[in-house]
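Structures are listed in the sections that come next.
There are two complexes below, and they share subunit A, which is joined by subunit B in the first and by subunit C in the second.
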Partner chain A sequence: MSEAVADVPQMSRTCFFRSGIFIWSVFVALAILITVYQDLWPWAMKYPRGWVIPLKGWISDFMSWLINDLDFGVFTFKEMTRSVSWVLSWPLTFVNNLLVEGFAFSTDPGAEAVLPPLPWIAVVGLFVLAGIAIKDWGLGLLVGACILYLAIFGRWESAMVTLSAIFIAVPLGIGAGLGIGILAFKFAGVKRLIIPVLDLMQTVPVFAYLVPILFLFGFGPVAAMIATMIYATPPMVRIAILSLEQVPDDRVEYGEMAGCTPKQLLWKVQIPSARSGLMIGVNQVIMLSLNMVIIASMIGAGGLGFDVLSSLKRLAIGSGLEAGIAITLLAITLDRLSQAYSKRPPPAHLEHDTYRARRQKMIYLAATMVVVTWVASFFIPAIRTYPESWQLTTAGFWGDLVKWINVNYFDQLEAFKTVLLVNVLIPTKRFLLATPWIVVVAFVGLLGYRLGGVRLSLLAIALALFIVVTGGWKKAMITVYLCGISVLIAALIGIPIGIWSARNERVHRVVQVCVDTLQTLPSFVYLIPVVMLFRVGDFAAMIAVVVYAVAPAIRYTDHGIRQIPIHLVEASTALGCTRWQILKRVQLPIALPEIMLGINQTIMMALSMLVITALVGTRDLGQEVYIALTKADTGRGIVAGVSVAFIAIISDRLITAWVKRKRAMLGES
Partner chain B sequence: MTRTCNRLFLTLLAATVAFTGVFTSAARAEVESKDPIILTLHDWTGQYVTTTIMGRVLEEMGYNIKYQQADYLAQFAGLESGDLHVAMEMWETTGKEAMEKSLATGNTMDLGETGMQAIEEWWYPIYMKEKCPGLPDWKALNECAEAFSTPDTAPSGRYLGGPVTWGGWDDERVEALEMDFEVVHAGTDAALFAELESAYQRKAPWLGWIYTPHWAPIKFEGEFVEFPPYSSECYSDASVGLNPDMAYDCGKPRGWIKKVGWKDGADKWPCAYSAIQAFTIDNQAMGTMVGEVDLNGKSLEDVVENWLNNNKDTWSAWAQCG
Partner chain C sequence: MTERSVKFKCSNVWKLFGAGADTFLGRYPSPTEQDIQREGLIAGVQNASFEIAEGEIFVVMGLSGSGKSTLLRCMSRLIMPTSGAINIDGVDLLDISERQLIELRRHKMGMVFQHFALLPHLTVLGNVAFPLEIQNTGTDERTRRTLEMIELVGLKGRENYYPHELSGGQQQRVGIARSLAVNPEVWFLDEPFSALDPLIRREMQNELLRLQSLLRKTIVFITHDFDEAIRLADRIAIMKAGKVIQIGTPEELVLAPADEYVREFTSEIPRAKVLSVASVMSEPSGDELHGADIFPHSRIESVAPEVISRDRAMAVLDDSGKVVGRLEPGHIIPVLAGIDNQIV
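Let's turn to the complex of A and B:
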């Protein structure tokens, strides 16, 4: 098959032989031939076990060498990583003491706290003040209400544990991201090196590198924090590079003319100019760190993630949901604050004296409040910890709701599920599993060639072959089947909602809230109800993936249609088009590239959800990663994780190439 | 203005520190090391109970205790390196392989049995007896396989096994005993119990892998299926058992639940380790406590405290050093 691909350009210059129809018919014919005469080349059907490269074993061996044998003379590799986690544990312990434990001032770790943690009233007050200081009373009240929820629903202590981890992980992630971004901006070599690494960091499932992190950094909050940073930093690096590159040349030249040293140029001209872009990166780091809360709790971070997990293991759906919503509210709080901060006009443009006076007033207010409540907390226990009798819970209601649906509507759901399973899911799975690997690899290569040329084709073939030779083909095909169907359904649901939301302002507002919630609510929260209603298996997994991955399909469609220049729509109205015609002939075709980017994001999210679906019994690469985690098998986890990443990269590159072509065509017409 | 504020703040801070410092005095027994002993917590209530009891006893002895959330199998990495110190429940039925592998490194040590016995077997809710009167016998179960079927397995029955990592040889068992059942694997025990809860609410047919000590057989009324009794030959020797050509033609083994610890801890806190080795409790007491927490909604601390008050002699004996 690879010969056929190579031959294509030389074939003929006449139009027919280069047309898509001809090339694809040849491909289909060859594929059928290969499949029909499969007895002649069994190795093309099923990759022989003896040919599998034992990469897993090599990685595991390398890891144990790293941990047990690598010695730099003065200290070992493990001592080095352990000292890193020791250093990181200091700020974490400090914030944790401030918010949760209180300070003991004693070398005896069991000693009672002498100085209690910040009272809950002070923390709520500080958030309100921050909201007012950054924007206005409205933001202050919103943020205050979100934080108050944590106290009212009895999540205070867990939330503060989570918050203290975020307070340390986010600045470190931002700092590291900015630093790497600046290096990549200044040295082209670093940039070439870092971009593929970023691709991998964003697509390899977190579970895959949890085991090596545990070995190197120990069990506990610090290891969890490091995993969080690995997951949350890449967007910051990307955005840092991009926004530094986008600083207008004339501004840089002006800085040079003013006699800036390179250092001054960077810190006084380029970074301030890139500020709004960088703030988007900051926002992303915050959101992704909160996405990691659940997984971090599996390796000892505790906090809200642990509450969610342990409630759901007890099948306490309501209390799991309440803890999950607490995570969402923390995300909303930090998101709104950082967004408002990024939209604030730079301080230089404000009246300098009033600005300074206002800031001083705020700091004074905050300090007074902290000291007063702190002292008062010694005398009034209700100030120190939120009294239990004031707490609320809706947990029972949610449990009963799921029970009610389960008892009354299970049969209808079951019928719906059976129809989809028998007519769509199972046939697709059988088809993909029966297709010879060589045909799939050739298909990916040919598609790459048609969309982006020889380089893309070779990349796609190489990545697909990696999965073949490391022995994960079957599980990879199940992955493709499960994600493919989920993405299709997510698109069928998401695109119409996106269109509706783009054309109606009120719908738009409701949809925005739903999409924000879906993206920050931990998927574990709805995994258990889904299993209760749909039983263990592929179908339950598919539902969970669709719920999680539908958000970008909605968001990008909405955005794609909204950004169409208004004059185009007006022109078509003037020509007498109906609303339907405008949508079909004008808006959708123009928005298509943007919509496809949304689908691309949907695929990425579906793949990242894979490991979670392994928890409800799928047999894909996600399961492979999960098994590796429970068996602490580094090599197995990383190979499966990288295979997932490669599937993601192949589909990303193909879609991006398609979008690029489509955009070029739209530009011409 | 800010500066005065700072000074005021610091003065107050110093005052409070001094104020409370006077009243805090240490009145604890002398122990070998004040470094906290880290006990691991997993994700089932029974394990919280055993770990909290042990932790409270060690605290009474004067040790500092820290609880650390850790995965049941992934924790061995931490136990070997000394990041974690003691795991209170390692089940023969699910953790034997990982435990032996870890003991072989020489960095962990076996701290003896907990006295509880793990039972794992096929289990059905009690109302299924009406539809299949011959239960709990496995032959009767096989005859009414269809009553346990779902649309995607019919006419075969559906049996929900544990996650593949649990092992259990259920696929082999079905084949060896020529049973008309399809084995479906749950990804986690949470998913397993979610399905059970759902079926129980609807009084719908259900058959799956349940283990005890656990809250599920307390919350949901049901019975274990009776297979031909387990023997190690039945698993290893094909000729033994009902099916002359295949192994696994019998039920699952019942087994110990052991404590495991970081090896060097025995030198660091010898007295604590001897107390941990002495720890025993039976299934009955355990089941009652788990039920109190999961079904009656009592707090774990209260239940454990209650046990400590009623069994002072028992745990005082563990705490006798040497």
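Let's turn to the complex of A and C:
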């Protein structure tokens, strides 16, 4: 039994090579030929500047035409976008006043607040109550402690600014996501249109669309919030479509037979049935919004993201780290609350009566607490704002710690860095930069053909050519090299950990917690310790990317091995295989497609992180996007951003095609 | 069976799946199996025609994949037949507007599903009230009706339970209660008891017969279990590969199976459960013992203990009490032994 299972992929692999070996040798020979005689065709080595299509310029011109010239008669395009931001600014200002500023009831920006904001005690208390109401005291205390940290370490105001953006962006994102999802679910045409748009939106790095948003909506919290929505909505759309489609057929048929109108069917049968799926989407929107609100501090979101960013720029590690921890705790709070909410067990009849009473009690309690503390805050300043004298700071400690590490371990860290740089990073980079673009394009084309046929091949070639003709080839290759090495290292770390965790329950639990936490952290946070230890440059970027992107490699490997039917393992044990043989000959071959999907995810995450690591000084497409942002150059940012997206799409499609082939060989559908 | 008015009528109903199904019947007015296969189509239902009388239990049976659910979905217009006509009370279902169809479903049709299809976010009360709620029945009327239905199916006291807190049998009782809440005239049941274990299934069959004796609905009941079919059916339609092969009372199917397929189905069944006294009795000769209620339409199984324990020829009476036949133990023993068809 185990022999048969293990042999299937092996046999097919040899077949694949036997038929492929000829084609690939021809390819390698041609590639060498092209490279060696590069003087004969210099254009194949380095894409001539004159042939570059000035797409960047066109986009920038189009943008300025939109902003400056487009006029609908009654109002201009710019007026339109500005009025959108004006409308959105209202709720945002309201929540901001409620949590941070207080209400001044005056147009004069310098006016004293007449009504103070919600006292910090009330906010902490509300979070505790929410935790208790959703799950139990444990959750209440956890989130209460996290929020309290913000006050104690003097991050209160920044955190509340960030939180108010979340409070507005999340409902809007959920609403928009659900709305678009419903449309796509109901109309096949909309779905066909929306899916590629989602693909692109989820792979274009966030920085790339900060620039146009900056133009359209101005600099400031509202523009940041719009960027946040745009970033956080696509997964909600996807999840909404998926969970609506997964509602069991017979339940929908029942709704029809009961005589539901299409509207009733949607709201009373399909959406309630899709609830648990939709709740996962809500959690996603919250986490992505938080991530984006941090990044959007670059276009004026303020708050915790701004604190981190400015600390990073000043290399003030201590305060950066403190702000980073604040973000992390905020992320954990929002994540745990929304997860607990979405995973609430289905209601039971026993609770039916007590449930209402309990909810009523909670609401009274919350209202009383808010009113009492708020009234008290008029008289007792310590309730209004957390007194400065109670604040702690660990900035000095972290600064000292970094100093201490650098003094004592500088040589080791430096040696580690140098070894990797000299032996791995730099040679790879040289190799990729020396490879003619035409060879690389042909390579992805051939790979696409071998894995998925002509269509895939053409797609890969077209996307790669886009990067070539828009003039971003060199930077793209640096992106590919950084991403490739990071993914390789992430896989080398992640797959063994995943295997270990799949075979050992205790390890599994620990790993689960670590991976969950890693995936909760906004990407910005990863930069802080990396800069602390390795300062700036490719190496620091690589470490940040590896840490950020390792999670899916672990998770998918673990899952891939665990999902193998137990009888296969038992049968192999009965045949006398050792644990190692079972792993090598049964589990790994069967889990390989799943593991590759994990690597695919790792690549996607690595690419998105790479763009952010431009902040620590890489010279890849990420840097290009970042420069575009600082120079407010729309075209440059979008072209570089789309190039990153295309790299992601090429690798995604190739890997998916490979997985599909492999699964077909293993006889799964 | 007494004559009753026709409630439901299917005429030449076809349902084909696959690309080009819509135009297929235009190209092949009377297609053969080969035509269908050549075009790469799947035949869900082929040319089904039958009438169902008011108050009748009409059972559709056949193996898995024979097209029973597809036929039922056509009859309830959950899917549009490729061609044909479907009449309920003389109204052609294929010819009415969306709005009319919704009205029809709200008042005339009820359906019960194999896997219950309860709404998980609603309690028993909420599920049963659902069909009334969506047609905006007044609160008082809705509550009254809902509680009445819950009591009818024996779930009183569990109104606030959620579906996941109920056993399979209880869930299907909720399914039954809610489908009856609007007092439908035609009641569709698609393998309602197949997901239940045998004891519960039996209990639910009895429950169905009890409800039917109270409510007198026109019932279309789907099953792949011949045992269940003969327990419930007034008439049975047997389907194979989308075709309705034979329609008849259980007895007709057993006595005169239309083909090998039907014979195969019926062969496992104890014939005493199906055959009536009329099919084995002889002419009365005057010396029969009276005293037991034996009628020509009684099933042999139900009279056997009486006849055999008395060990005498018994009189068979019609409804007016006139002797119409003579039943001896010798008539029924071959049937009980399952060897009557070899002797005859």
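Couple of notes before you dig in:
Here is the rule we use: the second predicted complex is superposed on the first by the 613 of 669 C-alpha atoms of A that agree within 3 Å, B and C clash if a C-alpha of one lies under 4 Å from a C-alpha of the other, contacts with A are read in each partner's own complex, and residues count from 1 in each chain.
The rule is short, and it goes like this: contacts are C-beta pairs under 8 Å (C-beta built on N, C-alpha and C of every residue); 3 or more make two chains touch, one makes a residue touch a chain.
The structure presented is a predicted model; accordingly, all values stated were derived computationally and were not measured.
In the superposition on chain A, A:528 makes contact with subunit B only, while subunit C stays out of contact range. When the two structures are aligned on the shared chain, A:298 is found in touch with subunit B, with no touch to subunit C. After overlaying the two complexes on the shared chain, residue contacts for A:114 are found with subunit B alone; subunit C is out of touch.
Of the two partner chains placed by the overlay, only subunit C lies in contact with A:251; subunit B stays clear of it.
Legend: residue contacts after superposition of the two complexes on their common chain; A:105 is shown touching subunit B, with no touch to subunit C.
Legend: residue contacts after superposition of the two complexes on their common chain; A:275 is shown touching subunit C, with no touch to subunit B. When the shared chain is aligned, no partner comes close enough to touch A:263: not subunit B, not subunit C. Look at A:567: by the touch rule set out above, it reaches neither subunit B nor subunit C.
Touch counts on subunit A: comparing subunit C and subunit B, the chain ahead is B.
Within the complex, the subunit B residues that touch subunit A are 1-2, 5-6, 8-9, 12-13, 16-17, 19-21, 24, 26, 28, 34-36, 43-45, 59, 63-66, 68-78, 81, 83-84, 98, 150-152, 160, 163-165, 184-195, 197-198, 201-202, 204, 215, 294. Put simply, subunit A touches subunit C in their complex at residues 248, 250-251, 253-254, 256-261, 264, 268-269, 272-273, 275, 346-349, 352-353. For subunit A in complex with subunit B, the touching residues are 105, 107-112, 114-115, 210-211, 214-215, 218-220, 297-302, 306, 309-310, 312-315, 360, 363-364, 367-368, 370-371, 374-375, 378, 403, 406-407, 410, 414, 418, 421-422, 527-529, 531-533, 535-537, 613-618, 623, 626-627, 629-632. Contact residues of subunit C toward subunit A in the complex are 73, 76, 78, 102-103, 105-107, 109-111, 113-115, 117, 119-121, 123, 130-131, 134-135, 158, 160-162, 164-165, 178-179, 182, 188.
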